[in-house]
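Quick one: the structure is below, and I'll ask about it shortly.
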Amino acid sequence: MTATSTFYQAAQQLIAAGCFIDGKGWVPATSGNFSARLADGSIAITVSGKHKGYLQVDDIMLIDSEANSLDGKKPSAETGLHTALYRRFPDIHAVLHPHPLNAVLVSRLFGDEIVLENYELLKAFRGITTHACRVVIPIFANDQDISRLAAQADAYLDAHPDCQAYIIAGHGLYVWGVDVNEALRYLEAVDFLLACELALRLHRAV
Amino acid sequence: MTATSTFYQAAQQLIAAGCFIDGKGWVPATSGNFSARLADGSIAITVSGKHKGYLQVDDIMLIDSEANSLDGKKPSAETGLHTALYRRFPDIHAVLHPHPLNAVLVSRLFGDEIVLENYELLKAFRGITTHACRVVIPIFANDQDISRLAAQADAYLDAHPDCQAYIIAGHGLYVWGVDVNEALRYLEAVDFLLACELALRLHRAV
Amino acid sequence: MTATSTFYQAAQQLIAAGCFIDGKGWVPATSGNFSARLADGSIAITVSGKHKGYLQVDDIMLIDSEANSLDGKKPSAETGLHTALYRRFPDIHAVLHPHPLNAVLVSRLFGDEIVLENYELLKAFRGITTHACRVVIPIFANDQDISRLAAQADAYLDAHPDCQAYIIAGHGLYVWGVDVNEALRYLEAVDFLLACELALRLHRAV
Amino acid sequence: MTATSTFYQAAQQLIAAGCFIDGKGWVPATSGNFSARLADGSIAITVSGKHKGYLQVDDIMLIDSEANSLDGKKPSAETGLHTALYRRFPDIHAVLHPHPLNAVLVSRLFGDEIVLENYELLKAFRGITTHACRVVIPIFANDQDISRLAAQADAYLDAHPDCQAYIIAGHGLYVWGVDVNEALRYLEAVDFLLACELALRLHRAV
């Protein structure tokens, strides 16, 4: 397969992911960004300012592993969070960053992490084979300085290499996977479990 | 492009916006009205009494900047709120007025304004480049006297020229933008943030 | 138009109404029933036991004004509530009875009526021209004896001829209109307003 | 009809059921599994690891009544819960196991059962002809040892032969019926009633 056809295939996957994610209401307005790493190490990523539920091929650009544009389009500021994840995890090929309501609410109501325990759905994550486990999703402070935000994530991931998703407070969620489908699966699982924790928090508080 | 084709293009945009907005549940029954200003200053606007999720071209009429009918159809009473916004903001070309549940709830539970702070999604608004800001959406008392309601909005907008949306209590939301897509983007952003504030209010009160 | 084509037209409207209503989640399992009165006074009505989101023409039967089958199909027990409404209101031609979650919840949390005040959306009801009004929706005890239930509704409607909808406790909602579209409009409006009242009740109680 | 065409027909029903169930949000990520018993006693069942909203014929396998693979595909661990239900109830031909949010929440907030009373929708269940009844849905502790979990269910069903659904805590819901449509009907009814109970619990607690 040529580099060009690989890019178009990745772009089609990101477009389809955007339809799916927007159908859930997780990318209001023009929020969010999605990427896929190609076989040659370059990365297809959504340009900024487009509605992620109605992406077209022209709304996907190509960058190198250092977030430099390879096609003259201007990458969004948050691109640095994607490339930091690709550098850290050689086996991943997709990063999805939507803004789900549940992630935003959790970031305002829980402290610097949310702990998920005793859910069968935790088995959606790689390497987890029983509900009797404990998955922690960290919550980082939001920051318009992306390198500072990436450094915050890097410090956490250095200490917690098994982490499979993180929340940025008042902002959204980052998930990643070996391909777009795995990242989508994690996204669905995380959102469902955040919805559980929010509802349980309310019920238990009254 | 002829004046006629411009009208049909604007009508098609309003019809599509109606499908999108109804898909979110924001225009129950025959509530809401939408408009788009054409290049010649005339305004395409939905007639009253139609379901906004199932609009046809015949359900869009043409008025002048003073809300006088240009095609013999009868404009809805609320047309005066649209024309007041177009007179005030020369650069806007779309006004959307749906009745989202969240806007109605906020109007009953918050005072005369709702303050949105520290959300990444605030960057959906023009001129905002950081979550570390404060966006205020005013809440006006409902009034069947539209010129009195328009005067209420005008007084507020005179004092707050950066305001990009307002709520009418027990009624709905007004947003506007340079084009229909920008107004839709603001609408999605505002509804999402109102949903956040409502959920947080409940969680924090228990 | 022949009687047969009139029946098919009414059946198509009920089928479309079922799709719309099921899309909102208001007819779970095989709950609910819908009817339309034809020009000759006979009534097209859904048979029982079918999912209302997937109706076919064969799932609609024809009865006379006394709920007798005109085509050999067996009418559902609740048919008597439809015919009682058609007898009372000569101008109506559609009755919709879904089971929305909000109606069931309201019937458990409010007393024998729910009062809707100060909502712009109240103007969806015939004869209402301002939010500054008061619409009461009565809540009747559920009863498997349909003639007793019809008598309960009749007694209320005798005393409140302007009533445009009623709730049966733990069961669902009845709305009616001059045609299927008007009844659908009332249904959307009532459900929206019940959602408002339920959310406000919760917010105000905490 | 040949055994092969019967299998394909059952597979098509499970695929359609998956679309319906995923549309409700009841099978996040790759959770859930569905099966249908064929006339010869063999069982068509979803393989594990696939998203249940996007099933293809290849994602359905054939097992015998003891959960042995008949086509070389590897059955999921939970297959044993399906076969236990088929052995117990000779008249059922479908078992659906989704992971609805409401079932997970109920399992965390209610004890070892949830009691449903006084709902018209209870008539969705076979043999129930009035709202004035009491339906109990048991909640079992989750267990990765499926034979132990099946034994837990068996002990309960021995004592409660009329039970038509059960919940596994932090996990999901099992429903069964004479065919896929009946099981879907039960699923819609149970989820609706769990939603009622959860909302009422919150309202009554404040």
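Note that the chains are named A, B, C and D in the order they appear, and that numbering of residues resets to 1 at the start of each chain.
The working rule: a contact is a pair of C-beta atoms (placed from the backbone, for glycine too) under 8 Å apart; a residue touches a chain by one contact, two chains touch by 3 or more.
Here the structure is a predicted model, which means the values were calculated and not measured.
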* To do: Determine the centre-to-centre distance between subunit A and subunit D, using the mean Cα coordinates as centres, and give it in whole Å.
  => 32
* Where the CA atoms of subunit A average out and where those of subunit C average out, how many Å apart are those spots? -> 45
* If you look at subunit C, which of its residues touch at least two other chains? -> 202, 206
* Asked: Line, ring, star, complete or other: which describes how these chains touch one another?
  -> ring
* To do: Sort out which chains touch which and give me every pair.
  => A-B, A-D, B-C, C-D
* To do: Spell out the residues on subunit A that touch subunit D in their complex, using ranges where they run on.
  => 118-121, 124, 129-132, 181, 185-186, 188-189, 191-192, 195-196, 199-200, 202-203, 206
* Asked: Inside the complex, what are the residues of subunit C that reach subunit D?
  -> 28-31, 51, 99, 101, 104-105, 108-109, 142, 144, 168, 170-172, 198, 201-202, 205-206
